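Have a look at these structures, which come just after this line.
Two complexes are shown next, each including chain A; its partner changes from chain B in the first to chain C in the second.
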Partner chain A sequence: MTTMNRRTLLGGVGGALALTAVPVSVNAQAATFRIGALNPVTGAGSPYGSGMQKMILAAVEEVNAAGGAGGRRIEVFAEDSQTSPQAAVLAAKKLIEVNNVRAIVGTWSSGVSLAVVPLTNDANILLLNTSGAPALSVPPANAKGLSYRFQATNDRFGRAFAEIATREGFKRAATMAFNNASGIGNTNGFKRAWEAKGNRVVAEVVYEPNQPSYRAELQRVLAARPDVIVMGSFLPDTTIILREWFQSGENTRWIIPGWAANPQLIQALGAQVTEGIISVDSVSNERAPSFAHFDQVHRRAMNQPGASNVYAAMTWDMVITLALAMEAAGPNADMAAINAKMREVANPPGEEVYTFAAGKAALAAGRAINYQGASSVLDFDQFGDVTPDFGVFFITKGQLERRYVVSI
Partner chain B sequence: MVFWIELLIAGLVSGLVIGLVALSITLVFGIARFPNAATGDTMTLGAYGALAGHAATGSMLIGGAIGALGGAAVGLAAYALVFRRLSNRSTVALLVASIGIGFIIRAGLSLAFGHTQQVFQVPLVRPWRFQGVRIHPNDLRLAATAIASLAVVFATLYLTPIGRRMRAVADDPALARVSGISPVRVMVALWLLAGAVAAVAGVILGLRTVVSPEMGWEMLLPGFAAAILGGIGNPAGAVVAGLIIGIAQEMATPVVGFTYKIALSFVVMLVVLLVRPRGLFGRVEGVR
Partner chain C sequence: MEAYLAAIAAIALIYVLLSLGLTLHYGLTGLINFGHVGFFCIGAYAAAILSTTGGMPIVVGFVAAAVLAGLAAWPIGLVSLRLRDDYFAIVTLGFSETVRLVVTSERWLTNGVQGIPGIPRLFEGLGVGMPSALAILGVLLAVNAAAVWLFFRLVKSPFGRMIEAIRDNEEAVRALGKDPARFKIRVLMLGAALAGIAGAFYAHYIGYIVPDQFIPLVTFYVWMAIIMGGVGRISGAIVGSLLLMLFLEGSRFLRDVVPFISAVDMASVRIGAVGLALVLFTLYRPQGLMGDYTRR
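What follows is the complex of A and B.
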């Protein structure tokens, strides 16, 4: 009495296949830990993005070569954020929903990180970023404590600007900020620190992007006769403002964040206009053995010294720190358990370690560790933020020349 | 006083750029009867054309001419390939098609030149001073270029036979047709002119700021505002409205601040439309 028709046959075969398939995929899940590398390969972050992504791959290779972390191999899915929040959100959705990654690593601009963080929070996975916006420190962006920032906040940049302005003997500082979280974060940080030193900001302007001219804005600032103008800005607007400033015939000095006052700016404006501009960027942890090791890997992969890309050092540290946290959390730990170990492996107290292998060995011996990164000493505060040192570069004859380093 | 005069000058130069964009929009609206959203990207194309021309020849004049020709060519191609086929469709269909053309131009430019900003490598000069007022030599040159372009457009419209036909079509397409005016020739002239005007605006904007694939798209809003303010379809109105918006934006900044200066162009437009709904120079029959 065989009443089996085609449909039940197919169903039965399908079910049997499903039964055999499930354990296989569970095994695969247990053996690998997936992360998404979401970096600005194109767009405004393109000078840094390729290096960031290659260093993620190199660090993962090193972790896997040392036997993996917490018994698991790390697998990377790489995407381009295009330095655009829209593109980044699409890529992040794909990484989370299709590739099932447990962390997104290396988002660069604040706009991208702020757009991606709701997705990583909803999925209860980590977001390791290099963005500056103060909003990333606090709820709602970091409501679950799953976001870690490997770059200085814009507020810390502002504090560094104030240190530099004091050291250079400026008395009458004015500020100009691009109207977004990052730009205003820079100048507000500066203002707080500058006024705490007993100084006054003589003029403040917040300007809109994509204007055909910034002359009225400049005129307002220059009317206060500042001796230095402190910027919270990006490359295109800085290019336009500096060009109009030069054509105004005024002599003022400038303190500008490193992502705006970079070689592209010098190329656009020439040596004469950019002479004497002070460009400030966070610098890597250059005297640490971890940096020397990173530098070696970077030279091999990119054919350039590691100091040429501070963000690549940050993404390198992201993978190493995450892997050490996985190792500390033990086999098959879930994301919450791994997240709980992030500060434990990176912050004091503990034995100072400089590589994943050394950290893994120390953990195996039952000792607490304190990973000293290539990008900074990498001690996360309660907001998941770090405090790197700042390099002070003077543009001289069309070259960025580092004169000194300030710590805050 | 010096402060206000300098703001006025800055506003005039910004206003000329807005006026050129509005002129291109209003020409198309008056004759082809739809809002051309590809105007901004035609600007961008003009700026990239001039950039390439300037890099190749070293002459800004030749570069600018190449940019303007590029804009005219794109305008003509858009008409021949798309708008001509859609000429019997509704305004909305044409508008949507123009948005699509804008996307294609922008994406093509990003592919060809990349997303990173480019800059015209022209010498920067210090200003002249008259009674303390700063006059920028580059501004004078750009203003002269803008005014010369306007002169060419208005001479074409009001002094040539094809200009007369264009105005006839703008006034009443059906009547123009029965009078024996070939719509195709008028359209070809229109798209060459509108494309070149937008491209010149792009070249001037690129010279003052930086060239990037999004630069023209960002100028579309003030351009439309000026076209509406001036009375849709009225070329002189568009230019005057552009100047008004440019000057109002700059002169208002000491009062309203910089964050709201963009909003100001819309406040000006709102007030004018409330008081005078057909725009500054529009005629009632012009906006049927």
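What follows is the complex of A and C.
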């Protein structure tokens, strides 16, 4: 039935090979600085990935429009991590070896970041990530101090939960965690901080994803009569658990991370079920002019408010911070010199700046700067981690209402 | 560029090992194994655990990976080889998911969903860059060559004729007074051990493993590879795996030749292009690139 013989097919394959060998000019011109955008455009991270990548492109455009950083234009090579470590490793190899990038920006899941970080370390280039796993802070992952995390660790989320539970006067806390690194990271962080305050966790449950019902798990937790249940969960499972809890008629309160307790949850369950739920999220630096500016760009590129994708705010900040560090390091600085400036431009002391152009002007005038990001105030600790503030939202009559902000 | 090609080659050779195992199962013996990733996972975790918390030499991890993956196949064989083909497929699929759930849940051993970071890489002593990459490729090539040689010997042996007879007509084999189940168990264990070795290479190559990496998609990548290459042919397993890698990685360079598509949309276009290539391939060359040995 086929007219294609082995020879033509081999020819076709050879042709495809030849296409892949199209020379991608490897010798970077002195005037450009190449970065790789490695984002989860497909796979589990796809709700965030394209926004993250578009914001990288938009931020680079802005830096270049302001005359570049350290006398160089930034050039972006975009790749898809497919939210898979294996695909990400190959994509990172391509970015490093073929495109000669000097930084990889915007890896999302911890699995991807942990698989890519040995490669960026070997190449002595930066990895700017938005992952939650604690292992990323310390050697071997961050042995060279070349990795920066723009997202709060899951552990910090847990500590914020404990602060809130104390402030709300809860005594008998229980936890429920989705069985993955993020879910368990949240509840373990909570447990440590909560017990350090002299409290006790009355019940702990870890549940498997993709179940049609969580009644058995819920019964185990409710049997301990908790006054609050702290969740490390995601939207689909939270929806089922809250519905089954409401049917049970038991009386308890909930503290849930913001990516699960969001407007979609209220829409799915209605105002009655969700009344009084406490939703916690790392606040984008919403009152800062940098956020207003980011929001405007995000609306233009994605047709959605900037607050809808907290990771896009982080990738935006990554480019601006990197560009400011390049500017501070001066023309033709190597990666070590640029890395040495990362904390200097992002942390206090220094004049607070909100855009690349303002930072560049201040640096030109010889002043120290402290970039205030759109995602957080962006002050890196010794591990390259940030500690954002956490917004505490109460769901009242079907609306998320921010009552206060917790700093840890 | 060289290091990128070396990375593609390494991953491709790992897939060749997996495909060889599946060719032995399906192509030669007719066992529909939908749980190949389970053996791969056991091998990866065995090697990772022994070389990190176990503090054993890497070689021990490789041996353990092969032995444990092979042993894991034994009970499945006992329980399910008396089942009909399609039931066997379901059992193996269930097996691989069970393995994934076990490594997810047994936190004391596997560190659960946090995964095992910092698995030592092969030939670290040679320093980073090309020398160690080439050494890894050399070892992978040698292991693949050994596996292929073993296969040719196997196919030509009485054992090989027997398993092919089982594939073609199990009733006839039984009528001759042979017990197909015994042969099937051995084939299953041998293919599983190969997948275990592939898993050990994978763990030491990527350097970090989590249960999420061992999803059924890996099994189906391997199926795609042997179907594209030609079922039942050793050359098919090799060519198919290389072709799969060419589709997956070559499509990254689409951006350089396709105009009018933004960088962000390219990611989705790329996955679409891979899918289209696979569909066209099965439409126009259903017997695989190297031909289907079983239908000759």
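Operating definition for what follows: the second predicted complex is superposed on the first by the 273 of 408 C-alpha atoms of A that agree within 3 Å, B and C clash if a C-alpha of one lies under 4 Å from a C-alpha of the other, contacts with A are read in each partner's own complex, and residues count from 1 in each chain.
In the analysis below, a residue touches a chain if its C-beta (ideal position, glycine included) is under 8 Å from a C-beta of that chain, and two chains touch if they have at least 3 such contacts.
Model, not experiment: these values are computed from the prediction.
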item	value
Which superposed partner A:131 touches (first chain B, second chain C, both, neither)	neither
Residues of chain A touched, compared between chain B and chain C (which is higher)	C
Partner chain in contact with A:98 - chain B first, chain C second, else both or neither	second
Touching partner for A:140 - first (chain B), second (chain C), both, neither	second
First (chain B), second (chain C), both or neither touched by A:274	neither
Which superposed partner A:208 touches (first chain B, second chain C, both, neither)	both
Which superposed partner A:115 touches (first chain B, second chain C, both, neither)	second
Which superposed partner A:216 touches (first chain B, second chain C, both, neither)	first
Partner chain(s) touched by A:153 [first = chain B, second = chain C, both, neither]	neither
Which of chain B and chain C A:321 touches, first, second, both or neither	neither
Chain B and chain C footprints on chain A, overlapping residues	42, 82, 179, 208
Chain A contact footprint on chain B (complex, rising order)	3, 6-7, 10, 13-14, 17-18, 115-117, 119, 121, 124-127, 129, 134, 136, 138, 205, 208-210, 212, 214-215, 218-219, 250, 253-254, 257-259, 261-262
Chain C - residues contacting chain A, complex	1-4, 7-8, 11, 101, 104-105, 112-115, 117-118, 121, 128-129, 206-208, 210, 212-213, 243, 246, 248-250, 252-253, 255-257, 263-264, 266-268, 270-271, 284-286, 289
Interface residues, chain A side, partner chain C - complex	1-2, 4, 6, 9, 13, 16-17, 19-20, 22, 24, 26, 37, 41-42, 49-50, 53-54, 57, 76, 78-80, 82, 84-87, 89-91, 93-94, 96-98, 111, 114-115, 118, 122, 133, 135, 140-141, 179-181, 183-184, 208
Contact footprint of chain B on chain A as seen in their complex	42-44, 46, 82-83, 179, 205-208, 210-213, 215-217, 219-220, 223, 235-236, 239-240, 243, 246-249, 264, 268-270, 272-273
